[in-house]
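Which chain is which? They are A, B, C and D, in the order written, and residues in each are numbered from 1.
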Amino acid sequence: MINISILGGSGYAGGEIIRILLNHPQVKIQQVTSRKFAGREVSLVHPNLRKLTDLTFIHPEKLSDCDLLFVALPNGDSMGIMKDLQKKAKKIIDLGADFRLHDAKTFTHWYQKEHLASTLLPKFVYGITELHRADLKKASFVACAGCEATVSILTLYPLIKHKIIKEKVIIDAKMSSSQAGMSPSLSTHHPERAGVVRSYMPSGHRHTAEIEQELSVFNKLEVAISATAIDMVRGLLVTIHTIPKDGMEEKDVWKAYRAEYKGEPFIRIVKELQGIYRYPEPKILQGTNFCDIGFELDKATNRLVLIGAIDNLVKGTAGQAVQSMNVMYGFKETTGLMFPGLHPI
Amino acid sequence: MINISILGGSGYAGGEIIRILLNHPQVKIQQVTSRKFAGREVSLVHPNLRKLTDLTFIHPEKLSDCDLLFVALPNGDSMGIMKDLQKKAKKIIDLGADFRLHDAKTFTHWYQKEHLASTLLPKFVYGITELHRADLKKASFVACAGCEATVSILTLYPLIKHKIIKEKVIIDAKMSSSQAGMSPSLSTHHPERAGVVRSYMPSGHRHTAEIEQELSVFNKLEVAISATAIDMVRGLLVTIHTIPKDGMEEKDVWKAYRAEYKGEPFIRIVKELQGIYRYPEPKILQGTNFCDIGFELDKATNRLVLIGAIDNLVKGTAGQAVQSMNVMYGFKETTGLMFPGLHPI
Amino acid sequence: MINISILGGSGYAGGEIIRILLNHPQVKIQQVTSRKFAGREVSLVHPNLRKLTDLTFIHPEKLSDCDLLFVALPNGDSMGIMKDLQKKAKKIIDLGADFRLHDAKTFTHWYQKEHLASTLLPKFVYGITELHRADLKKASFVACAGCEATVSILTLYPLIKHKIIKEKVIIDAKMSSSQAGMSPSLSTHHPERAGVVRSYMPSGHRHTAEIEQELSVFNKLEVAISATAIDMVRGLLVTIHTIPKDGMEEKDVWKAYRAEYKGEPFIRIVKELQGIYRYPEPKILQGTNFCDIGFELDKATNRLVLIGAIDNLVKGTAGQAVQSMNVMYGFKETTGLMFPGLHPI
Amino acid sequence: MINISILGGSGYAGGEIIRILLNHPQVKIQQVTSRKFAGREVSLVHPNLRKLTDLTFIHPEKLSDCDLLFVALPNGDSMGIMKDLQKKAKKIIDLGADFRLHDAKTFTHWYQKEHLASTLLPKFVYGITELHRADLKKASFVACAGCEATVSILTLYPLIKHKIIKEKVIIDAKMSSSQAGMSPSLSTHHPERAGVVRSYMPSGHRHTAEIEQELSVFNKLEVAISATAIDMVRGLLVTIHTIPKDGMEEKDVWKAYRAEYKGEPFIRIVKELQGIYRYPEPKILQGTNFCDIGFELDKATNRLVLIGAIDNLVKGTAGQAVQSMNVMYGFKETTGLMFPGLHPI
């Protein structure tokens, strides 16, 4: 049994960590901080947890020592205090963007600010278990991947590694509203946000950097992301347009995925000939830690279309963090993460 | 051709007035004010009007004289300046709540503030054309009804007048997000607002006062409103639970509605035996000035269930205002208001 | 460990039973039948269960003996075969309407057909644990309540029993599309069904009979239901308009609820002064077995508004059935049913 | 004043033609056919038209001669009867796919059936006014474009013609449920269709053929379409991933669009620096005949992302047909088509 605390527990990611860990048999939630809601019940902000916990938020200044600290702050807020946090907890899992990139210059390029703790960058393991399980077992510090990066990396990784596709991909991402976090604005105002197909970032998405870092295995990968927000609260789907290398057949794609993901508890290859859920579908992944992956080879246009889907707040954020924790502590990797998802929903 | 201006044109009601009047052959939009967007194009805020108008917002201080002024300010903001506005325009249509109630004390009771221009109250005609057409023809000042009051009054009026039902009604209102206006807040934040069935006002809705005022024809009407917000941007449906007087049959209900609404261009009685749109449905009223009304008499429980539906921003707000204007100036009453609505949508 | 089978496993209720029981430590799913999908994988129809089970549907004729049989057939289909089914399983939980009403005449009145097994009616216990826990412990046959009846009964029961309200209630129900089951029709066709506020049953809802049966404690309860379908896949909210007896105060309501539901694991009284989830909200109950209940006393109109919310497929159907099973077998009542729900969703 | 009839008026396209033409001052709707609903009121199927028309459906066998016949039948149904229809009407506008492709072999390749009237193919003008205005003026027979083809062609045409981009494009289309027509199926069943991000056609979309036909101006255009269905009833957005030719700048893109579309009443270039509707958005195009087009040049990845949006049932179908009709008869091109769209919606 370990004691964990959550720094920044009033956001959506923080809420999901609490939800998952309340049912984790080897974890006790010690403290959850919130500047704004200090002293208030956690269930005021996360109403699904009513009667399931009597946790109250504490002010971040009252954070005590713990075994593991989850940091769920806005991007840019953790790098300045990371050294102090490391005195409070021997192990830290940061869900923000600050420690994902190994290279401080790349960070500055994409986030338009200096990195305040670049010496710590090498100490962080990138938190996608499927790629870094061995490192995670020994890790003290983990930087969880961005949600869009997570699903893109998991979908592309076997095909890059096994040289199935050319190193030039276009990621057309369909995004949900929870990805923008909990702060209201006109762009998230229901009458303006409901029903949209909003091209909010046709190019220049920051997760490009993470994806290139993780997937530039043999050659530099060239990634172009276009992100479109649709009327969905939770969920993320990427349609990845790739060019297969000469002579590649469907069976080669299958082989690559099986080679890398056979035995992975949270990866499912979804490619059905029948039924109406023939490809990955975020709708039925809500609340789950699965990453579903599908593909279609189109010989007529010499294109391999990949499709990846996750719940952005679980496999894309909090579930990924708990999966990393399970690996770090040698707990069964699936503990707390086996909710199967709902149908219909 | 008359010159009209709109005081407060950046909100949803203001936007709808502009949309409707851009196609009105007897009206020229002279000025549209916005404190926040002064100097900016109207289509920045109302993107549906792109390329259809080159109007820009002006600061309210620059408001010139005009024939008719539409006032679309937040509740409570027009009463303090109404006397000054009357120097600018001989005719005024106020879309807010300030001049709807004839009695200043009732206003204070429901809005929890003193009325700042109670001497003007008797000069305002309540803007539901179907009830006050004769008065509107001579009116200089009009106070448009609240959206929830509009549909409730129109649905109930013939049955009260013809003594079909007892003077005690329960209005169960299903509301949309545009009714809350254009200001973002946590309660309108998409992840929190999408998919809700939110009992945001189980009792105590302010429109009670308007409904009682308009419908206490013979006896005091007792109105209990419960308002539930659902996942809908535009539209409003009321399910009104009433008790029929002894011996009332379906044909009496039909007779009452026909007596009052025969010839009304914007009222439709919807009660079909076939098809899937057997009762009023706000979905297909979006953009229209119709008020659809239906009913079902349940002898087993001695209850008459009434169903009324409108587009809250058109018949409930801007369309109602334009309909009043048409009557005031002797224009054809339906001018600019005959959009038929879309199906499917 | 018991062996259970599901007769009629390809519908939404059947799918939810499978989902819940796959994680139930004391239950093994032996067989799942489907006439239409016999021989096919269960996950073809219930895609959320991919990789989580290798169950395949069998034809109902191949049903073997088992400890407990869940029957999830369309209304009217189980009564004709119940005697045969009782040879297959000593315990049966029927999720349909056939055995809910104790009185065959009442059944005929509401369902417009003769009851084919009226002698079995007295053997069935009505499956709401909170009202019939003692009987369920000894029960062999259980008839689960209708979803709309479940939430209405749970919301009203303490107030009827403690004589807080008059025996005359109006239930305004907001319904979701999954309640109509899995058969496509024009009325469930997405372009026609999305965005509706459809008064599909202003009066005459069949669940009236169950509610009256369960709640006519001292006097005959008079129940009038109006059901409106809204744009929601899963969830159910009732706004119940009641009249408090003379002198009743809010504290009396609290007292009644506490008296009956203190210690109930799946009932929560939700009545908050702050936050945006101040009353029950089906949105955050998706996948959970909770019934959330709230109320507001409106002295101005002498009305007590009750609000109840559930997930129609869990507490309203499959979760209720599993909860009954847990009680019947002496398992911990909450086993398999503690999913906390998601926020945001 | 011309007399028009509609063959196949009970579908969504037929309904939209009726809606638009009811307000067209130079057109009289003579007959509307429906095999299934013959004898029934048009408003039974198109409930938005209640009280606005007393048209009833007639059986197609009762079709009389008329000036112009709109044919709105399922794909494949018009080619077999086209010769007969040409005896009924001198001018015909076909909204189906049968006469869009000039080449019978290409038709057979994509639609997997023989063309039954290939000799008529050369007589049909492809119905996109912006590309074929001169031909339409003289046309007797018009084949309206597919909705997905319409928006793709309009978005790409100027850039192909002015040699701004390479002849290899990827179209990532976000589709609505009304595109699938009015026939219910499990895939359109609300619980299954709501909330989806369904990769229903990752490759192989039939509209590829039309787009290649219209845009292979200098060289063969290579088009790869991936179509994803999202939770939207009406609307269509394409994100088109293209590669700019060497040295192309944003101003070249602007120049090409202006050169082709200056003066076009239904094309708007939408590329704003401020506001939340910075790019085309189908949400606010519902009911309109606009095609909104935007773009972003991403130098980092040498990519030009194009964004096009329409209402699939108006500019993509019925509005396009009426626009063609207006051109054919020399009516003002915008007649009946100037509904500005709603905001918010």
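Here is the rule we use: a contact is a pair of C-beta atoms (placed from the backbone, for glycine too) under 8 Å apart; a residue touches a chain by one contact, two chains touch by 3 or more.
Note that the structure is predicted; figures quoted are calculated from it, not measured.
Participant: Note down the smallest number of touching-chain steps it takes to go from chain B to chain C.
Facilitator: 1
Participant: Consider the two chain pairs A-C and A-B; indicate the one with the greater count of contacting C-beta pairs.
Facilitator: A-C
Participant: Suppose chain centres are the mean of their C-alpha atoms. Which chain sits farthest from chain B?
Facilitator: Using the mean of the C-alpha atoms as each chain's centre, the farthest one from chain B is A.
Participant: Using CA atom averages as chain centres, what separation in Å is found between chain A and chain D?
Facilitator: That gives a centre separation of 39 Å.
Participant: Please report how many Å separate the Cα centroid of chain A from that of chain C, as a whole number.
Facilitator: 36
Participant: Report the inter-centroid distance (CA atoms only) between chain A and chain B in whole Å.
Facilitator: For chain A versus chain B, the centre distance works out to 46 Å.
Participant: Which chain B residues touch at least two other chains?
Facilitator: Counting only residues that touch two or more other chains, chain B contributes 12, 178, 186, 191, 195, 231, 233-234, 281, 344-345.
Participant: In the complex of these two chains, what residues of chain B are touching chain A?
Facilitator: 12, 177-178, 182-186, 188-191, 193-195, 231, 233-234
Participant: Once bound in the complex, which stretches of chain A touch chain C?
Facilitator: By the definition above, chain A touches chain C via 12, 15, 19, 22-23, 44-52, 178, 233-234, 268, 270, 272, 274-275, 277, 281, 284, 286-288, 292, 338-345.
Participant: What residues on chain D touch chain A, complex-wise?
Facilitator: Residues in contact with chain A: 170, 172, 174, 186-187, 191-192, 195-199, 202-204, 222-224, 226, 228, 230-232, 235, 237, 239, 241, 276, 278-283, 294-296, 298, 300-301, 303, 305, 307, 309, 344-345.
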